[in-house]
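Below: a set of structures, written as structure tokens.
Both complexes below contain chain A, partnered by chain B and then by chain C.
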Partner chain A sequence: MTPGAVQQLPVWGPLAALAALAVVALSGAMVNDVLAARFSGRRGGGFAPIAEAARLLRQRRRSTVAADELLRRVGVAGLTVASALKVAVLPVGAWVVSDLAVGLVWFNAMDVLVWAFVWLAGWGQNSVFPLVGGYRFLALALAYELPLMFALTAPAVAAGSLRMGDIVAAQEGLWFVVWMPVAFVVFLAAVLAFSLQRPFTAPMAADIAGGVTAELSGVDRFLVLTGRYSLLSAGAGFAVALFLGGGSGPLLPDWLWFLGKTVVLLWLLVALRRRIPQLRPEQLMAPAWVVGLPLVLLQVLIVAVVTINGRSS
Partner chain B sequence: MPEAVLFVVLAVIAVAAGVAVFRTDSMARASYALAVSFVAVGLMLLQFRLEYIGVITVLMMVMEMAVMAIFMIMFMGMNPALMPMDMVHSKKLSAGAAIGLFLLLTAGILLADWPEGRSNAGGDLTRSLGEAIMEPKMLVMLVISPVLFATMVSALVLANPHGRYSAYPLLPAEDADDDGQGHEQGQPGGSGGHAAHGMHGTDGGSGTSDGHGQHHGGGGHQ
Partner chain C sequence: MGLRNVLARIAVTRCHVFVAEGYAGAGSRMAVERLLADNGWVQALSPGDADILCICGEVPEDQTDAVERLWDQLPGPRSRTVVTGPEHAGRALDGCVAELLDVDGQMRLEAERTATEPKEDDKQDDGDSRMNMDHEGMDHGKKDDGAEDSHADMDHEGMDHGGMSHEGMDHGGMEMPMPGGIGLAGEGKDRDGLDLDALKVPLGPYLPFWPAGLVLHCELQGDIVFAARAEYAFGRGEELPIGGPSGTERAALVRQSDLVSRLLALAGAAREAAKVRGVRDAALDGAALDECRRSLAASGTRLRRNWLLRRTLQGIGRIPQGGAAGEPGGTDAWDRLLALLDATVAGTAGAGAVPLGLLPDLVRGLELSVVRLVVASLDLSPQPAPAVEGRAR
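And then the complex of A and B:
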């Protein structure tokens, strides 16, 4: 439980973390497009995200009548900002941008910001479908947030600390995924949910003409799509730090292990979510609260009992 | 010195955003101006090295404003919330209450017999604060909090027609409703679902099962 388990980076730390986040997120988008191309019988597709980004950045920005421009811009730019702020407390091997004593709570707070940003992006456009999309996200968020919070509690209880560095250090002997599989699965589902990936894409579904993204074009659409992939990447990074031992591994340096695990987990999530059908917004509440919540509470109970026994013996 | 400047900037943002809550004519802007005000207060708490309380303040307040947006449609319907509207009412009473409370709190701050401050408090400040506030009642609080949480979840489950009368919907609501009769049989006491059903029947559009399903989905699950 030493505060010096990880080392804070100097001034260039935030830039390095942002660059790493951008590269990892881009790799996720590339894998997605390679899989999409393969699914439709084509080859390649890896550079499709770059081409799409170039197209969107040259595209003219569309605006709606009487839009609340301030709220719309806050919401649209916010997803990327929230993911960058999450990464600020994420230990990459032995390095971290900010070794906050309550890093895990910080991650949770930034994830709640996504609630606000998606809704603001939907509301600010002053258009029916984006508004419906924003409210759909709130309906999903109410369902996934409590299981996510309790899933985050399990590693914190086992490590006896809310500092990300301590949680990684507590997995020296045994990765938390081994004895907290339920919390791990719930956490991964919540990662898909807060990054607006399937099966939680109802806020931007085709039946409401793209929902939150219906009226977005140009750089606005680029920011939202980038925000989804960077949230997914940040979520994968936190899954590695919380459950998969962080940067621990043989031979290679630990930052390389950390990034390797994160990228592999991200690619797995990208491939997995292509195979899951989309949930309607009202379908999530019952499974999440009636099944997920008791299971994850049971998991926290087991973790608490094991941890207290381990400490007293 | 930089810390003092940051504190003043955050304080100004907190007060200005608080004023903006009442000056704006949009419910969305008002609620998120309030969120900005609280986020500034949360960051000020970080400056006091009360990290946990500061970050939790940010978390709770942003989440609260998102839930406020749900209340907008639950209690007000969508139209008034979408229209520009005045954010103040009962002006004289509320101004009087605000000034009175401000004077009371200021008097309390100035007149209270504060303990001597230490310039560099050590250790975990959140822990010391928690122990100072509720140390003798810690066990009670720890027992009560899971009971409270379980009560809230079960109250929600009971309040929801689906939670009470068909414990876990194995079939999506639409599928049960497609023949137009499953709805009646499936929910003998689901008053929320019936109200939505009845309203839908009177507006003359109940011919298509698709529209029906949409309406039921919105009404039955709130």
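And then the complex of A and C:
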């Protein structure tokens, strides 16, 4: 495995990555609102995220009595920060902001940070419904995290490296999705879960008046909503890098292939999750651990056996 | 046209409206919900997310304080209106948009709001003692957190979306420390006999997807309701007045599809909820009843195939067998949803109203989300019933 499979961007790299993330996330939000508008028989809808942003930017921030301001702000801003940090190790074609040797572990660590951020946002508001929402997320996270970790293991084992660039390079002959379908599906489900999308919306559901977001307004709410779409976009990007061959494709430059695949996958996820009803928070644990975990372990076993055979022959 | 005006113009294309249904407000609420969907607006889940507070129907005298509390929680720019009949909904919301667009006026109001809040505290000194306690605490919070929190008193109990919150937190007693004026939660034994915080949280009467006027005084341990008391803050009012030869039949269809869509929305099946709601709106517009029933039948077929939804609703809120006559004994939320849908399709009456007294026993020991689903799955008796006590052993 060559460590120089991808090239680190100079100083403007982080800015470019952030801008790309913002554009991709905005496209996801727009697609969501276009679908929503079409469903309810209206035209357009693509402008809705802009209108929502304008609305929230002119709205006054409110805070609850005896709120833990520091923790609340850390949690509220954290979702966007976590997604930005994830994208830092994501190879866009041949470019990456930071070519960490343990990029995959970095991604997973940022994902676990989301646990803390959602919970802190709920706890910091000192209010019942956000608090219940925060704990609901922990219940979901406990269920999805282990299957997610093992799903991440499969590409790493096959590539023999934790470096994102190596994992992409290892798919030159065959995309991992072809022989790791279970890991791919579990990973996509986990992406929906850590970005708080349906069916994993219980932490901010209608039955607890919006849960984590119940008391948020103005820029706080803006950050949380942006964070959700950024996390979903980052998740789609990692799905492309880990399973869909990264930037490989004919004719077009590889960064364009990568972004194209990411956007298409993001839109598919947005459309798919609109059709799934929400899970009750206590209902995920059993299927995730009794069905999902054994299946994904089996997947890792198969991948390991195939990889070892391939190396020895 | 300054930047503020531009922002305001863009913002009002997507207003968030908190709909509070008062006495006899069902018709107005449906008209407002309809307008929201047509305009691409959003029904806010909490007042903290709303630009417009829309009160549908009449607010009884003793509820004005609760409505003021809701109003105080709107972050601003904000606007409020009362819709007293379905035909007034459009004009009322247009008026709100005009207010929201008045950038200078909103700035002035916000400045006044920030400035006058301490005085409001003084004014309410002749209120009950518990409220004074809260307000003193609020002032304290202000000193700590600076000007930004000067509007914090609107939130002083966090969970008061129901507007009834001043009764919610008073169990801390005077001798306990009260950060920010909020009494600490008391203690109680949980299901496993461990000491856990017990928090009193009223659900309702102004809560989205909730029977208008119902208040469920819950005692929470974590998110488990271990005791509850149900009462009506005010009655529901007469049935929807819908004219024409098939008036009552139509009213029944509208009412039942409203109940179905509410349960579906809470269960997180937004698509199906919107479809059933669309049928409701069509029926209100005077579409042929047969047409409506066909759409509902199609929805019923789709729902029966939806195993995720069945998993969410099956087995919760099962009413014990052999109750009083007319009670849908032995059914769970999933059965009741399908039965209600089938009854609507067949044009017969639903399983019948459930007495309020059943509720506390039904929700005891359940998680909050399940409690909401159970309440939404019941056609609760519209008559104001005396409060019923329910307590865990």
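Keep this in mind: the second predicted complex is superposed on the first by the 313 of 313 C-alpha atoms of A that agree within 3 Å, B and C clash if a C-alpha of one lies under 4 Å from a C-alpha of the other, contacts with A are read in each partner's own complex, and residues count from 1 in each chain.
In this text, a contact is a pair of C-beta atoms (placed from the backbone, for glycine too) under 8 Å apart; a residue touches a chain by one contact, two chains touch by 3 or more.
Computed from a predicted structure; not experimentally measured.
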With the two structures laid over each other on chain A, which partner does A:Val212 touch: chain B (first), chain C (second), both, or neither? neither
Between chain B (first) and chain C (second), which, if any, makes contact with A:Ala241: first, second, both or neither? neither
By the touch definition at the top of the document, which applies to A:Leu90: first (chain B), second (chain C), both, or neither? neither
So, A:Tyr135: does it touch chain B (first), chain C (second), both, or neither? both
Report for A:Ser63: first if it touches chain B alone, second if chain C alone, otherwise both or neither. second
Is A:Arg280 touching anything from chain B or chain C once the two structures are fitted on A? First, second, both or neither. both
Tell me the contact category for A:Ala202 with respect to chain B and chain C: first, second, both or neither. second
After the superposition on A, what does A:Leu192 contact: first (chain B), second (chain C), both or neither? neither
Which partner, chain B or chain C, is in contact with more residues of chain A? C
Note: overlapping chain A surface for chain B and chain C spans 135, 280, 282-283
Where on chain B does chain A make contact in their complex? 26, 28-29, 32, 35, 51-52, 55-56, 58-59, 62-63, 65-67, 69-70, 73, 153, 156-157, 162-163, 167-169, 172-173, 217, 221
Of chain A, residues touching chain B in the complex: 68, 70-71, 74, 100-102, 105-106, 108-109, 112-113, 115-116, 119-120, 123-124, 134-135, 138, 141-142, 145, 162, 280, 282-283, 285-286, 289-290, 293
List the residues on chain A that touch chain C in their complex, please. 37, 39-40, 42, 45, 47-48, 50-52, 54-55, 57-67, 69, 125-130, 132, 135-136, 198-199, 201-202, 205-210, 213-218, 221, 274-283
Within their complex, state which residues of chain C touch chain A. 4, 6-8, 10-11, 13-16, 37-38, 40, 45-46, 48-49, 51, 73, 75-77, 110, 137-138, 141, 145, 148-149, 151-159, 161, 179-182, 199, 201, 207-209, 220, 222-223, 265-272, 274, 278, 306, 308-309, 311-312, 367-370, 372-373
